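Shared between the two complexes below is chain A, which pairs with chain B and chain C, respectively.
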Partner chain A sequence: MSATTAVPAPALSLRPWLTAAIVWGLLLTVPFWLPLVGGYTALAARVLVMGLAAMSFNLLLGFTGQMSFGHAAYFGLGAYGAGLSLKYLAASTPLAMLMGVLLGGLAGTLFGLLIVRRRGVYFAMVTVAFGQIAFYIAYSWNSLTGGYDGLRGFVRAPINLGFTTVDIANNDIAFYYFLLVVFGIAVGLLGLLLASPFGRTLLAIRENERRARFLGIPIERHIWLSFSISCAFTALAGSLYALLNNFADPMGLHYSLSGEIVIMAVMGGMRAFWGPLVGAALFVVVQDYISSMTVNWMSFVGLIFVLVVLFFPRGLLGMLQGRGSQ
Partner chain B sequence: MTMLDVRGVTKQFGSLVAVSEVSMLVAPGELRAIIGPNGAGKTTFFNMISGFFPPTRGEIVFDGTTITRMPVAARVAMGMARTFQITEIFPELTVGQNVRIGVESALGLRQRVWLGGRDAAAVRQGIEEALVMTGLASKAGRLVGELSHGDQRAAEIATALTLKPRLLLLDEPTAGMGEHETYAVANLIRRLHRNSSYTIVLIEHDMRVVFNLADKITVLTEGKLLAEGTPAEIADNPAVQEAYLGKAE
Partner chain C sequence: MLQLVLFNVTNGLIIGAFYVLMALGLSLILNLSNVINFAHGNFLALGGYIAFVLTPYIGFWGALLVAPILTAVLGFVVERLMIRRVYSRDPVYSLLLTFGLAFIIQDVCRYIWGPNGLPMTVPDVLAQPLSQNLFFITGYRVFMVAVVIIAVAGLFAFLRFTRVGIRIRAGTLDLDTVAALGVNVGLLRSLNFAVGCLLAGLAGVLAAGQIGLNPNMGDDVLMPSFIAIIVGGVGSLTGTLLGGLLIGVAGALTTIVWPAASEAVIYVIMLVVLVVRPRGLMGEEGMLT
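Up next is the complex of A and B:
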């Protein structure tokens, strides 16, 4: 079994551990280098949050082979869960995150039960449908959610560690590092999951459902598990989004955001672990930069997306890493 | 003793009767070949045995248990494995990973997020056995999608073997292969049968493979059982000769 006669990699191929090292090196030093290139820390915070959403979504798309066009629903439910918890329950950031994950994760788990028998386009269509149901509930339930104007009147609370208090409420850099810790734990768990037998079972379903079924793998149960876990992590990203903006609005549940999450994952490389983060970084930066010049920023993102899909079908990071380096 | 007892199964697709009242008894350790012209219903017959779809009528008993309408996963758990006419593998994973997924599924570890030392050792041993048996040990790190047709087929069989099946169903294992590859796969099947006493049912078009390997042969034509017997009996059967060579006018 030690005979790992690997396929010869292209000279410029990024090994997965090297990718991870570069990603962590850049993320850890953001407050030092980002201002030098004209960015600001809140922008990096958005990249982390959207990157976590796209990576969570990619557990389903890239590593289980099932498409969802409704992941914004769980992102938005995570945001509302966190916001409502801060506003009505207690001024506790960890509790807010927990409530966000529970709301989005449970919704995904229950809805997943209903849809795992559908495949392909049908699966994707019902995810859109559920997303829009969640959107209209948030949109119309004025008294609870603030309706079209969104949920306001809450702020993220400082983190009390016992021996000291981290003021994430007012200190942008402290908040960035707080996000990075949460992000690190979440993607660490996703990475462990993917490297485990369970993760390989999901890969088997992605690669060949018929073969997987005839190895005795209960396909529906594993797609359901993957969907639920993916939704819970996406909801975590949504709760961080509410903390970032001190705000939650129905657009966070809208299918256009679902589409953006798909674009991030595909553009960055859905077969590469860090691909969706790269896609999210590109998306958020282009959005920030071009939307200051024109309201039609989305057409530029669309153009970049088309070019990437045409010339690098494995996504930006997928292209850099070469084949078979998952 | 019977490993597989198929009792008068019929499969109807709308008005088309693909398989009609076919019965078959397979003993433990037997290698049974199913032959017949194209459209004879061989794969349909196979699909009913493996659980791809249930028969319209009839019954299937596997190792004493009626499995006629049992789902695939339960049949696999009882010790049934199959390969397909068009190789079904995990193309973007390595040979080792393909086999590993089978081993972990067979050991009931597929939902684990962590493997202890003992489980990890059992998995390694299972992978090694399947790779050695199929002669793929030196190709463990290669992507299956990049292997030759014959090696892909061997990888599919290796993955099926990880289930330690008591009944192995092979649908045209040498389909589309050249002389050399056919010989290699036929040899592999012979080893599995003779040395490891697997019970095997296979569909095959290559008559040299069939007559060299099979203990017994079942002949289907137009969905019906035409003949059953040892290779010598089948070779001498006038009805079989007619079906294959056309009517002697």
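Up next is the complex of A and C:
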């Protein structure tokens, strides 16, 4: 956090509120301005979902300093959990989300036990391999998951609030605001978590693990908790993704999606709270545009990775912050 | 039954040999430069395609020799131009960089040679079965295993007896000291990366003769190669060698009793190793933490 301690005190107290106000202002008014610039509501919904996944992932990368390259697994497990619940248990959207979070969160908690002692690229390598286990199961358990073709045959159900019913199944705009509410709650929880003593301890581990250990902080337990929480929130994003598409497919568990989640966090700015959301917005929009323009979209996506790493390693918000503090 | 077991052990050894070639290259790069090369499978594909292009001019035997070297040259250039720039940064950047490169190389292969599979012919000498009874042991399969054995023996000899090889091993243990002794560490890392790509390219040529060519032919080998490294133990090339053979043969033997689980058994082995012996079969204590 040495970069932010150099920031003068007034800027430090004002800036987060200003950023949050801009972000929420833009998100709340999406259905009004997005069609004017040629977008469509489903695209904004995808930005929210991927943004939530990237922000959840960033709890681990940006704020704990550990790099998971297998987060697509928990995203995909969330999607399958929600889809299977809607298909086989009950036509209830909240239940589907709960099952998705449970499936992804528990898998993350269990795997987390095996990897907390690893660091750096080895942490990444084991998380990739674990991620592929989930991919492999979804891919080959044909009778349950639909295998290669993905899980179909479920639709999101309207939300019953007691006094009224919100028809998220047919009304795209209603569904967008439903996503925004869930996103807001999840992001609020993540923000509270980071501001709590637990969150501060994670920052201490990121900055200097050895010193934190000397202070008596149980490092492994903190990393494990951070990993599990991050996985649970990523699974929530995954369950929203299943609701958005009424579909869950094995590519949602593949490690190429893990890489995309990482690049979203990095290109938006992994040290900034809102960075991953900005990165997700950029990535989703650019990918949508490129894949409609050319069949060779993979080259362009790869080029985004290379350019971001070589020339913009601090990400968009990271560069803005850096300029502001000087 | 004996024939079936032999058939699957042969298959397993061949698949394992590919894992070994890939995993040894990955392991070399990982140990010295702390980089996971996600594009390694794409260097395998490049090796195969280069051989495909060269075969009409210099024949299969010439391509077998030249294609891996050209792959290594490409790897050297990629390392010099890009990967070298991120060594001093957080490891997340090297991962993202090789990840992006994997996308680009795969797409370029698809653009140049098309999305569909291409056949690659091997000399008639190698295509014949060696005996009527053991029809599955074609000359080509024996040849592949022989080439892999020679390549692995060559690699270990290179690391043990040549100056560059000794420096690579020393750098794996303590790069700062090696640099302080006056070794050009940047060049050493580039050469090491090139050696890794050489092995991938060789695997590509051999695989092309067996299963043909397609743009994502390396993808199926990448993940088992990671697992071979984890199972064998990070930091130990001998461990990687054993890990690759182990998961190759285990996968093939599972095919006899339960074909659907042949891939699952690889992951099960990894989980068992991680629970029972986290540092891997031959890994050094403390290498992972």
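Criterion: the second predicted complex is superposed on the first by the 296 of 326 C-alpha atoms of A that agree within 3 Å, B and C clash if a C-alpha of one lies under 4 Å from a C-alpha of the other, contacts with A are read in each partner's own complex, and residues count from 1 in each chain.
As a working rule, a residue touches a chain if its C-beta (ideal position, glycine included) is under 8 Å from a C-beta of that chain, and two chains touch if they have at least 3 such contacts.
If you're wondering where the values come from, they're calculated on a predicted model, not measured in any experiment.
Enquirer: Between chain B (first) and chain C (second), which, if any, makes contact with A:Pro197: first, second, both or neither?
Expert: Touch partner of A:Pro197: chain B, not chain C.
Enquirer: Touching A:Leu151, do we find chain B (first), chain C (second), both, or neither?
Expert: After superposing on A, A:Leu151 lies clear of both chain B and chain C.
Enquirer: With both complexes superposed on chain A, which partner does A:Glu207 reach: first (chain B), second (chain C), both or neither?
Expert: first
Enquirer: Kindly classify A:Val266 by the partners it touches after superposition: chain B alone (first), chain C alone (second), both, or neither?
Expert: In the superposed model, A:Val266 contacts chain C only, not chain B.
Enquirer: Which partner does A:Leu114 contact after superposing on A: first (chain B), second (chain C), both, neither?
Expert: second
Enquirer: Is A:Met67 in contact with chain B, with chain C, with both, or with neither (first, second, both, neither)?
Expert: In the superposition, A:Met67 touches chain C alone.
Enquirer: Would you sort A:Leu103 into first (chain B), second (chain C), both or neither based on which partner it touches?
Expert: Neither: A:Leu103 stays clear of chain B and chain C.
Enquirer: List the residues of chain A that touch chain B in one complex and chain C in the other.
Expert: Overlap of chain B and chain C footprints on chain A: empty.
Enquirer: Which bits of chain C are touching chain A when the two form their complex?
Expert: Listed in rising order, the residues are 30, 34-36, 38, 82, 85-86, 89-97, 99-104, 106-108, 110-111, 223, 226-227, 229-230, 234, 260, 263-264, 267, 270-271, 274-275, 278, 288-289.
Enquirer: Show me the residue ranges of chain A that touch chain C in the complex, using the header's touch definition.
Expert: Chain A reaches chain C through residues 61, 67, 69, 114, 117-122, 124-126, 128-129, 132-133, 136, 140, 255-256, 259, 262-263, 266, 270, 296, 298-299, 301-306, 308-310, 313.
Enquirer: Quick one: which bits of chain B touch chain A in the complex? Just the residue numbers, please.
Expert: Where chain B meets chain A, its residues are 50, 72-73, 76-77, 81-82, 84, 88-94, 96-97, 100-102, 104-106, 109-115, 124, 127-128, 131, 137-143, 146, 156, 159-160, 162-163.
Enquirer: Flag every residue of chain A that touches chain B in the complex, lowest number first.
Expert: 1, 3-7, 192-193, 196-201, 203-204, 207-208, 210-218, 222, 225, 271, 323-324
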